[in-house]
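Right after this note come the structures.
You will see two complexes here that share chain A, one where it goes with chain B and one where it goes with chain C.
Moving on to the complex of A and B:
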């Protein structure tokens, strides 16, 4: 699963656009109690699509290693 | 199996530290991490849940490469939750690239310091497991030392990102002031 080139370079410009939106949303909306995440959702969709395509092309599989003991403990939702 | 734990206090608010945590990479202190890409992200019940692919370059010595595999670009899976109501961020990372031979699991939490909520407490834990490899404990020690070294670099990186965010804010403020000033003299 190791290679020489960095495959995710293909998604770099989509990542930058999404990250800029997310950083603003996280600081100015989410941390201030506004949980509506529609602001960056379209940018996230195109970026995610790119990431998933690259992962498929390079056989990067995150599911096969994830056993049950690796599930993040759920934060109590009080 | 080898467990490594560490705690650190940041003299910054939780809000500031978790913003920096998202923007931690790339940074000059951890050049091995070359990418963090979102696989999935959603807000569920007020909690931000994120799954990311972490890409890094492992510079392992030649003999280790012969046992573990070629060094080069390797991947890890990172799952995280941010609960803004409880002011808690948790991250859990597992390497994908060494298959069943070597497992490195890392857990990180960021919470306000129990004695001073204007400060942030970082708790970090790593479990390294090497199976069926000769010189087992030697490899574990090597990886644990690597984690310890990278963790201290990681804390410096958070400070570096906070500095960057603050200077961005100053820039925005300055340019806003400048525009206001220019407008009033137009």
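Moving on to the complex of A and C:
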């Protein structure tokens, strides 16, 4: 396994744009009951694409990360 | 051979505020070891928001620890589920890689405080495991101690962020946080610089992770 350093720098501007959109959406829409997430979906796609590309370049195993499995679901009984 | 640790924290903010702050925890003055955080998965299922974020952190180890792990950077996978209806946020984090040497997983449940609906309770459960023959106990004890220390840091860092996001309702946080706010604002650039330096240093020192077989 190859260690990674700070490769996500390459995606920084996409990340910032998406995060800004997401934080607004989360506070103003999602928490208020509006579950339509199309508002930031385009930004999320380009950002995720960038991150995935960098992860592949750095040999980061993306299987566990991208899978639909959530460990929470297995552990949360509380 | 699993060590277990549980702790409860009350945040002086509403659940909605804590949930918002959760996504904006980094950077904060206590999180200089966090190098990056990236969203890698996000989906709404049955009214709940499922996310996965990949975090990279610098990993300071004692000398004997370097025997087992030579890399200075660890990757952390953070899963979270936000249930806005019942106002419950559950997060689950674990290290990726080196799991047989030391695996630390942490689950935090954030919900409305039973005593005060304007406050939020966080119940943190950690599991620390090691399978290194002959060293497991020492590694676990080390992991546990470090976890406890980091716990306080995480809470302080989170409170710092909450205070800068929602200053109006701030009542009686300790003066240290106030002092930090001022310093942090003016030092934000310096902090970024420091993080970059740390990264470059790590870059020059990091090589392929060697794990000794025992």
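Note that the second predicted complex is superposed on the first by the 60 of 78 C-alpha atoms of A that agree within 3 Å, B and C clash if a C-alpha of one lies under 4 Å from a C-alpha of the other, contacts with A are read in each partner's own complex, and residues count from 1 in each chain.
Heads up, the rule we're going with is that a residue touches a chain if its C-beta (ideal position, glycine included) is under 8 Å from a C-beta of that chain, and two chains touch if they have at least 3 such contacts.
In this text the structure is predicted, and so the values were computed from the model without any measurement.
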Partner chain(s) touched by A:31 [first = chain B, second = chain C, both, neither]
both
On chain A, the footprints of chain B and chain C overlap at residues 1-6, 8, 11, 15, 18-19, 22-23, 26-27, 30-31, 33, 35, 37, 44, 47-48, 51-52, 55, 60-62, 65-66, 70, 72, 75, 78
Sort out for me which residues of chain A touch chain C in the complex.
1-6, 8-9, 11, 15, 18-19, 22-23, 26-27, 30-31, 33, 35, 37, 44, 47-48, 51-52, 55, 60-62, 64-66, 68, 70-72, 75-76, 78
Okay, in this complex, where on chain B does chain A touch?
15, 18-19, 22-23, 34-35, 37-43, 45-48, 51, 53, 55, 69-75, 77, 79-84, 86, 88, 90, 92, 94, 96-97, 99, 105
Complex interface listing, chain A residues touching chain B
1-8, 11, 15, 18-19, 22-23, 26-27, 30-31, 33, 35, 37, 44, 47-48, 51-52, 55, 60-62, 65-66, 70, 72-73, 75, 77-78
Any idea which chain C residues touch chain A in the complex?
16, 19-20, 23-24, 35-36, 38-44, 47, 49-50, 52, 54, 56, 71-73, 75, 77, 79-82, 84, 90-92, 94, 96-97, 105, 107, 109, 123, 196, 199, 202-203, 206-209
